[in-house]
Amino acid sequence: MKINNVILQAVTKIAVFIILTLAVYLFLSGHNSPGGGFIGGLVLATAFVLLFIVFDIETVQKAIPFDFKRVAALGAFLAVGTGFGSLLFGEPFLSQSFGYFDLPIFGKTELATVTIFEAGVALVVVGVVVTIILSISEDV
Amino acid sequence: MLTVNIAIIIPFLAAIFIPFINKKYPNIHIGWFALFVPATLFVTLARYIPTIAGGKTYVYTINWIPSYGINFTTYLDGLSMIFALLITGIGSLVVIYSIYYLSSKESLSHFYVYLLLFMGAMLGVVFSDNIMVLYVFWELTSISSFLLIAFWYHRKKSRQGAKKSLLITISGGFGMLIGFIMLSGIADTLSIREIVLTIGDNTDHPLFLPAMLLILLGAFTKSAQFPFHIWLPDAMEAPTPVSAYLHSATMVKAGIYLVARFTPVFGGEQTWFWLVSGVGLLTLFWGSFNAIRQTDLKALLAYSTVSQLGMIMSMFGMGSAALHFGYSTESVVYTQATFAALFHLINHSTFKGALFMVVGIVDHEVGTRDLRRLGGLITIMPATFTIALIGSFSMAGLPPFNGFLSKEMFFTAALNISQLDIFALDTWGTLLPVIAWIGSVFTFVYSMIIVFQTFFGPYQKEKLDLPAHGASRGMLVSPIILAVFVVGIFFFPNLVGKYLINPAMTTIFPRLAVEGDLGQTITIWHGFQPELYMTIGVIAVGTFLYIFRNYWKGIYSLFPEKWTFNELYYFSLTQLEDGSAAVTKSYMTGFLRDYLLYIYLFFIVAIGGILFYTGAFSFDLTGDEPVTMFEWSIIIVMIIAGITILFAKSRLTAVLLNGVLGYSIAVLFVIFRAPDLALTQIIVETVTTVLFLVCYYYMPEWKKENKPTRTKRINLIISIAVGIVFVLVALSVQSGKLFESISGYFENAYELAGGKNIVNAILGDFRAFDTMLEVVVLLIAGIGVYTLIKLKAGKEDENIEDQ
Amino acid sequence: METLITILSGVLVSVATYLLLSRSLIRVVLGSAILSHAAHLLIMTMGGLKRGSAPILGEETESYTDALPQALILTSIVISFAVTALFLVLAFRTYRETGTDNLYALRGFKDE
Amino acid sequence: MNNILVLPMVIPVLAGILLIFLRPYIKTQRWISLGVMIANIGISIYILNRIQSEGILRLDFGGWEPPFGILFVADSFSAILVLTTSIVTAVCLLYSFSSIGKAHENMFFYSFVNFLVAGVNGSFLTGDLFNLYVCFEIMLLASYVLIALGGKKIQLKESVKYVAINVLSSWFFLIGIAYLYGTVGTLNMAHLSERIAESGQTPILTVISILFLVVFSLKSGLLLYYWLPGSYSAPPTAVAALFGALLTKVGIYAMFRVFTLIFYHEPGITHTIIGVLAGLTLIGGSIGAIAYKDLRQIVSYNVVIAVGFILVGLAVLTPEAIEGSIYYLMHDMLVKGLLFLIAGTMITLTGMTNIDYMSGLIRNYPFLGWMFFIVMLSLTGIPPFSGFIGKVLVGQGTVDAGAYILLALAFLSSIFVLYSLLRVFLNCFWGETIISEEDEIPMKKGWLIPCVLLTLATIGLGLGAESVAIYVSDAANTLLNPNIYIDAVLHD
Amino acid sequence: MIEIMLMTSIALFGVAIAIALFRIVFGPSLPDRVIALDMIGVNLVSGIAIISVMLRTKAFLEVILILAVLTFISTIAFSKYIERGVIIERKRDS
Amino acid sequence: MNEREILEFIAVLLILLGSILSVISAYGIVRFPDVYTRSHAATKSSTLSVLLTLSGAFFYFWISESFFSVRILLGILFVFITAPVAGHLIIRAAYRSKVKLSEITIEDELHEVLHEEDKEFIHKDVLEKEDREKILRNEDKQK
């Protein structure tokens, strides 16, 4: 007997949208309020987890065709790479810098290398969490 | 003078080249190349005899590890000269002998490589001035001897003998190393010469005695002194040239050398005197006594070697008494024991080498060494018989062979020393000549056995493996040369005395030597003295015992096989293995609970113990913040949830309760003003819960633990104790805060790092390295999970690893 | 508060210890997860509790709580998550491969 | 700027990440990993020499002054260990090329090895206690995966225990850090040392130091070595060799660092306990080494003995003893790697693990046999191989300190090492040949060359002990005078 | 006044959580427990909201949202576990 | 009391109301006889309580600090959307896994539709996990 999942799937689509918004918000606001790469990444990962739970793996992967191992590796590469970036400028490893710029539309904006670092962190978190869950689930 | 250093290195270099030469000229017996090395060295060294006899010494240093004073310093003096000549001289003869003894089917290049290694090591031992370098070569002799004994390694007996010799000699070597370390600590130098110079001021150092004992341990094990002699008979599994070389002429004498070398350091001490001469005499007695019962010719020779080594050792011990006095006419008398020791050392090498070679010939030509099967060979191999006769009679102490001279001197020395009134000699001194005499009687008996059992009596052809025939000429060359020396030294003993022994005496008694001459003249005939009567007694009683040996052999059954030291060795080894297997398996259960239990016990005992031992526990509530109602309820919820996990009936309940714990901790983080933590905690908790759920579906249901009540009780006690220790330490830390945290600095995060969220500024900037690494940790876990699940062992991989 | 939290984490430690000492692999994994909870609470306590406001600058306050332990816990949470995940999967694989989750049956080397 | 300090750790990390992308290209993976190790050898030699001329080097990450940021500190001790690690890993990698198999290589094997090395090197270099914990975790996670990689039953069985025990020990580490932070309020090791020196080592600090002792005992296998024999005998040879050479050494390093830099004020308690533990470890290891007939077990217990031996040096805390321990540490890393490689090769060649059933291998594989012989001598401490100088110096140290029981145990254990390996040699290599010409599995060059390299290393280290003497004595000097370290970190 | 009201309400939430824990501990069926967990989650959301009000801080507002999201996810996960055993399916076909 | 304080008071009153509701629903979850009835208490009143509390908090921040919190609004929205679905799912799961109904239940119309295969109406808390494993293992063997 087929189990009807219409309600759940309908709600999930909205919920995932909310979660994604939240994830992006948390990631960006991390510098000045709770959040940051980790949490952003984790929330993003939970969005995926929700998708995997509600839909099935194949459907989700058709929609989001990433190899999450590579996503994780890319993230780690970014995180370590920012450290290397400072080597190029003769600064100590992992030196972060930040500055305030007057951008035409956004006004006074803070740009920091930390953001790249944090993006790496977030990617790793997403990649790893999804990889773990997928690996286990596929192993039946 | 570089020659000495080079003399040590040449054999090693030659050893490296032997396999290559062997490959290049496969038709020529490789022994001829090997012979070149000892022969050249012998000649080179012999050229120094006159200058050394003139009192000159040579020192040369090559730096090895100067930072720790370990340098390759060689020292050529009288003592090392004697040994070096023996090593190279007998070495040359043995190589010649071996060329005819070993057929070219054997892996000759191995044999000569080992032999040359040994030769180099041995030269290193006698030439080294630095005790650490001495130790280096010392162990090398053990190793090369091990390799030589196990030359026929497919034989079980060879392997066993090699193992025994290696274990005993290396263990003794370790003892010696510790002794050397202590000695260098006392004297603050590694050079033997300097130690000899400075040791006089340090004889009351607390480490002096242990150092002496440990160094003696090394010497005794190497020289097969009682009770470490057990390795030598088994070492006879080696090819006969090896036995002749290592186990009679050279390696076993390394221990003697060590005693001689350290006599100026330790001599004059009562312990040294009694240990060296006592053990020596005991070995003399025990070795000669046991030699008689042997039926294997080589084993007999092995025991005879043991006893002869004991004799030499005891003479060195007696001679050391002279150091107790300053130079005077009396003390010179006592040094003659040492003189005799050196003299007998040379003599022993000649006659024992000859005898071993004879036995090798017999074995080679007849195919057996069993005395019960041998007999009547005199007609078949007359030349061999002659050499055997010369060697045995010399060993028995009969004129006109060199053994007679040294035996006489040995008696003289024993008698002289027993007259002394130091070292409690007035009570025990008479024992010395008595034991010496008894040992000599037995020596006489077994010497006769060698000659008469082998060469006289009925010829039992049916018992022999090979048809007997005369020895090949080449094999006879070396023993004949040695036999010539045996006789020659008897007639011209003072040549040896003046050129070889006197300089060595100067080395052994440096303080006496500066005062006057220590040299002696050896006379063949010195009138009707007690020692002559003793010799006559030896011959009379010995002949009697030999003729009636079948009547008294029964006493050997008084010493059953089980009680020998040899049996003790095997027994202790098997016991050791079984015992350690039992012990190890009793705690290495492979059961995780047991392992964790050990850890927890260690934790409780160590931490709890120290906590109370140091009185570190303290408790202070005053700094605490007040607790509100909500917090109470959260904490109580957590405690209940935690304890309920233990009693949960299904795995899902447990996971759920774990989730409650996680979420509650998140709330606590909120209460403690840690928003980032709370966020992370709840998400991580959820993901973990999902993981648990995903995995647990495939795992068995949470069964009730069928553990004995006792186990449960122990687990409970341990858990509670761990919790208590944990809390006690935490409380003590709370009340024992010493410093303010450094984190005030981070409150300037906005100026320093441009972030208002301090925690994030720490993670992303101040301690970004941690974050970077933890990302890596996460990555490893992720990829690791993937590989764990994807890479499964195929059936074909499950072979050996699961035994 | 500090004492109370310390005792709470002590209880968690005891619970985790008991779980770790059990025979069933899944209990051991759960025990290891609870252990990390206790450690995090302890680190939090060591920095002092409820003093000052959340470590986010800009909110008008005179003092902030100690931010360093929070950063440490954050790192530690992630690491223990990684370890727990790996351990869990390992337990799972072990069960699939050997057919048991009883540690007594998983003793490994049989004596030759 | 000392950015070069971070390279021994970051290059492997980066390589490990890159190799994930290069998954299908196995050849490339091999050469990259090997290249990384060789680069690390060069870098660490450079660092080592710079330390001699400039003193201790440090790198503050992100430019944050200690004690606020994290930093890497390289003194001679760490640099020596980094160098040795790189050498051993390079050799083990070389061995794995021809032994580990496609399936493993395809499953990120080289990435994990790189991560493992990164963790090890990070642990050696870091100057921050919490960062040490993180580096430990990197190393441990990589080792968890490596030990189970392949998924054989025995691997899984042993890795479960290994992981459980290490999770517990990491937990102890974490609470130790928490306690220490609660008491002293800082994490930088030099700063910790300074603050503790200022306030004196109060009783509670001593208790905490014992907690750290528990942690590092677990990691290094000091008395708490129960996990070691099982888990070291489960993984493939190349991995086992890496473990045997590296893992316990990190624990030993940490113990040396912590108990010479931070908790050195109460040697009467802490170092006595270390001494007792070292003695017990020597006994337990010696007994274990002769208890089993399984080659892998014998080899693993030899690791235990070495741990006890090295820590004897820390327990007596005299300059000679520390120098001896450092020598022995280097020696042990090289030789244990070699021992594991040879033992693994023997098992692969014969398909057996019980030494009673192997026989006469030397006829088929003479080179292997002689290298085993050399390893045996080297481990026993027979000169002129590398174990000798360490043994002598530790002996001198114990004599100076009057620790005669430890001295006796240390040397007696060497006899047990000799006996256990001699049994292997006599049973397996000598005796009647059991492998006929047809059944003989040909020895691969790829197995032999790494062994030869390490054999040369042990001979070289033995004969050329003088060439490292200045580094070792500088390392010992730094360890014994914590102020040198503190000044370099805090008062520049 | 406001303070007291807030204190009362947070205490009441504590009581509610404790009661829900009773259901988790004693079951009897799994769905009972899951429902109770869901309820605890929701109550914690409220609790955190009150704490933010009490502390007059905006730092925890994210926590509220996240907690709500996660409660939802875990409830779904649990219910799927109960219903089918499998949480994540490779391909939905039943 | 000015206008602002009154508004604040109302906001806090909402919160208090929510808390009282939560206790009531907690009481319900203890007292009701079976899982289906309990879910009423847990999902309906509990959701209301959280909505009330969150609105209270939202208004409070809006009034006292004039901070219009999108996050709380999002939270309210989220709870509002998901709570019923969660309740629905869990009860469906309960029913499908054959959690027994209370003794006092009069009629079970769904039974014939969903559980026609087992007429005996086996009362079990959850489908036996062991059975599932057996099936799983059999499948493995077949492979």
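Remarks
When the chains are written out, they are named A, B, C, D, E and F in that same order, and each has its own residue count from 1.
The criterion applied here is as follows: contacts are C-beta pairs under 8 Å (C-beta built on N, C-alpha and C of every residue); 3 or more make two chains touch, one makes a residue touch a chain.
Being a predicted model, the structure only gives us computed values, none of them experimental.
Listing every chain that touches chain B and chain F alike gives A, E.
Taking each chain's centre as the mean of its C-alpha atoms, the one that lies farthest from the centre of chain D is F. When chain centres are defined as mean Cα coordinates, B lies farthest from chain E. Two chain pairs, E-F and A-C, are compared here, and E-F has more C-beta pairs in contact (counted per touch definition above). Distance from per-chain Cα centroids to the pooled protein Cα centroid is smallest for D. Per-chain CA centroids place chain C at a distance of 28 Å from chain D. Centre-to-centre separation between chain D and chain F, using Cα means, comes to 55 Å. For chain A, residues that reach two or more other chains under the stated contact definition are 1, 3, 8, 15, 18, 22, 26, 32-35, 38-39, 43, 46, 49, 53, 69, 73, 76, 80, 83, 93-94, 96, 125, 128, 132-133, 135-138, 140. Shared contact sites, meaning residues of chain F that touch two or more other chains, fall at 74, 78, 82, 85, 89, 92, 96, 126, 129. Counting partners per residue, chain B has 585, 590, 592, 596, 650, 671, 673, 675-676, 679-680, 683-684, 686-687, 690-691, 694-695, 698, 700, 726, 730, 733-734, 741-742, 746, 756-757, 763, 765, 767-771, 774, 776-785, 788-790, 792-793, 803 as the residues that reach two or more other chains. Those residues of chain B that touch chain C in the complex are listed here as 585, 589-593, 596-597, 600, 621, 623-627, 631, 635, 638-639, 642-643, 645-646, 651, 654-655, 658, 661-662, 665, 668-669, 671-677, 680-681, 684, 687-688, 691-692, 695-696, 698-700, 702-703, 705, 707, 715-716, 718-720, 722-724, 726-727, 730-731, 733-734, 741-743, 746-747, 749-750, 756-759, 762-763, 767, 770-771, 774, 777-778, 780-782, 784-785, 788-789, 792-793, 803. Residue ranges on chain E touching chain F, taken from their complex, read 1-2, 5-6, 8-10, 12-13, 15-17, 19-20, 22-23, 27-32, 34-36, 38-39, 42-43, 45-46, 49-50, 52-53, 56, 58, 61-62, 64-65, 68-69, 71-72, 75-76, 78-80, 82-83, 85.
Put simply, chain E touches chain B in their complex at residues 7, 10-11, 13-15, 17-18, 21, 24-25, 27, 30, 33-34, 37, 40-41, 44, 47-48, 51, 55, 57, 59-60, 62-63, 66-67, 70, 73-74, 77-78, 81, 85-88.
Remark: chain A residues 1-3, 8, 15, 18-19, 22, 26, 33-35, 39, 43, 46, 49-50, 52-59, 133-134, 137-138, 140 touch chain E in the complex. Residues 26, 30-39, 42-43, 45-46, 49, 53, 69, 72-73, 75-76, 79-80, 83, 93-94, 96, 98, 110, 112, 114, 117-118, 120-121, 124-125, 127-129, 131-133, 135-140 of chain A are the ones that touch chain B when the two sit in their complex.
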